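As written, the chains take the letters A, B and C, and residue 1 is the first residue of each chain.
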Amino acid sequence: MTRSRAIFLLLAFLFLALYFLLRQEAVGPLTRTRIMMGTVVEIRVYDDAAEQYDDAVSAAFAEMETIEELMSPHRPASDVSRLSAADTPIAVSTETLEVLQLAQDVSAASHGAFAATLGRLINLWGFAEGEAQLPALSEIEKALAEIGPAALTFQGNKITKSSAALAIDLGGVAKGYAIDRAITVLAASGIQHASVNAGGDMRLLGDRAGAPWRIGIQHPRQTGAVLASLKLADRAVVTSGDYERFFEQDGVRYHHILDPRSGYPARLCQSVTVVAEQAALADAVATAAFVLGPELGMVFLRETEGVDGLIVAADGSIEVTPGLQELIEWP
Amino acid sequence: MTSSAVDPARLAVERRRIFLALFSALAIALHTLEFLLPSPVPWFRLGIANILALMALFLFDGKAAWSVNMVRIVVASLFLGTFLSPRFFLSLSGGVLATAAMTTSRKLAGEKIGPVGVSVLGATGHAIGQLLCAWILLVRHDGLWYLLPFLLLLAIVGGVVNGFIADFLLEKLRKMPAFVKESADAVADE
Amino acid sequence: MALNDYWQRLTRLDRGIVLALLTFCALVFVVLGLRSPGQSVQVRQNQGTVFNAPLAEDRSVELQGPLGVTRLEIANGKARIISSPCPYKVCIGMGEIHREGEIVACVPNRLLVQVIGQQGVEKENRYDLLSR
């Protein structure tokens, strides 16, 4: 070719290269992070003009803060704290009522593998404060007194405890509820593609702007590795694992998912991942299935409507509910 | 002028030996100089020592180019104290691939390719050779190859510059009696 | 113009080679320019990960290598090497990176700095969010 044409072509290519390298990056999600509920909460909004939703995201965080104010056992004015301290029936907010009702339902359906009344037991183990220690058997037995299905009675929005010593802890479900409320706020602002991720428990609004969300499941024994990934949209995913909060004593690992029936950490699973429409349900069901173990847990997952999941048993074997099988991808 | 008593073939052989020794020495000097010189543009390395190998290739043949480059790499690393260090192996693998690229291209294309073309191909070979060595020896990560476009750009520029320098030098040298075409032909027969 | 004189000295094949290589280079840059922005910076040394930080937070890091200290700066969502004990400073010359997969490396000091995507996961293990 002629010299001038060669040079022209070359310049054209170089301009193209420069253009692509230097252009401002326009696409990318709006990402906001806050520390609350004892973990890092991240909200992502996917939209061509995602910046306009900054206020909506702040409102979603505010809503989660409100829920924490209502349900945290560490805030003395919360419904949970007041209920734990009460010796007479007290009125709680609609939100707390909703969550307590859900906890009761899951508790009954799982035959006691889940409970909202484990406040004393949880304090005893001390995982929340970060100073966990092995309690004495007698203390555990005391902490388990009266936690059965008749522990709480509901009258309108008033809750009565069967024993004044009962303490409430909604740790296995409150975070999920907060996530659900945040999603509601986001959806109300017109957002169509978003994710709310609270330290590994999450819910997705819509898809990821045209493609499904790829949700990785943490491998329970290999840090940095993924057990499997799920292709999801408009769903909540919650994983309960024995690897998040634990301490070791005399070669035995004690983790934070306690079996209400024994008062000790549940030993039958390494992790359970539950997919449901709402995070609160997924949260509670995941905890219950973890305690139930691979066999009974699987039955529980299958019986519970609108719920799918994956259980990693203590020996590392994995079972998946039928509804999840098309959505799962192995590495 | 040579006297008729000297066998022209032997003369050509001796001439080649002496010039290659000279080229090698110059290459070592340039390599060392480039290494020690604080250049104005910090990351830019021309690889000017390769010019001598280029000249050996065009004035003599492929074998000559190999000797100049290999001697240069080994001896310069001895001078600089980097012999058998990772730097040395990077330099060696770059040099091997560069020289291979240069000699092969000259062999395949003959007169159709000039010093600039050969030099650019050599510089490209050098960059790839160094990346390969770095990948195997040092940084076993596929992401390393993201460096290739940058190194390639540097290689192309350096190759072109070196090629032109070699081209001008060759033009001058070819007029000298030692390199007038007939004696070059005589040497090529060796 | 003087440039023309230089161009004339090249054979046709020479010109073809130079243009082809430059074009290839430009194409690679175009492809690299198409990548999406990354989330965090990961520094690797000898197969191990030495350092990891989000791109969103400004910071300055000193990375230790066999030749000495290489300084990495993360600012305004971009990462670049600002000083290094290597002889040719190719790593500094490579400029700043912020797109997923982009790399600057100081090979003499054995450091590989790469921008990686969501959750700090590389190409092979791609997911948007991690449930744990």
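Please note the rule applied: a contact is a pair of C-beta atoms (placed from the backbone, for glycine too) under 8 Å apart; a residue touches a chain by one contact, two chains touch by 3 or more.
Remember, predicted model here, so these are calculated numbers, not experimental data.
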Practice item. Make each chain a node and each touching pair an edge, then name the shape: line, ring, star, complete, other. Key: line
Study note, to complete from the structure: Judged by C-alpha centres, the chain sitting nearest the middle of the protein is C
Review point. Using mean CA coordinates as chain centres, what's the chain A-chain B distance in Å?
Key: 63
Check your understanding: In whole angstrom, what separates the CA-based centres of chain B and chain C?
Key -> 28
**Study point:** Euclidean distance of C-alpha centroids - chain A vs chain C, Å
**Key:** 37
Review point. Which chain C residues sit where two or more other chains touch them?
Key: 22, 29, 32
Point to revise | Residues on chain B engaged by chain C in the complex (per definition of touch) | key: 35, 41-45, 86-87, 90, 109, 111-114, 116-117, 120-121, 124, 134, 138-141, 143-144, 146-154, 156, 160, 163-164, 167
**Study point:** Touch list for chain C against partner chain A, complex
**Key:** 4, 7, 15, 19, 22-23, 26-27, 29-30, 32-34, 36-37, 98-99, 119, 121, 125-132
Check your understanding: Contact residues on chain A for chain C in the complex?
Key -> 3, 6, 9-10, 13-14, 16-17, 19-23, 25, 27-28, 195, 197, 199-202, 208, 213-218, 225-226, 229, 237-239, 241, 244, 273, 331
Review point. Which of the residues in chain C end up touching chain B in this complex?
Key: 6, 9-14, 17-18, 21-22, 24-25, 28-29, 32, 44, 46-47, 87-94, 101-103, 105, 107-108, 110, 112, 114
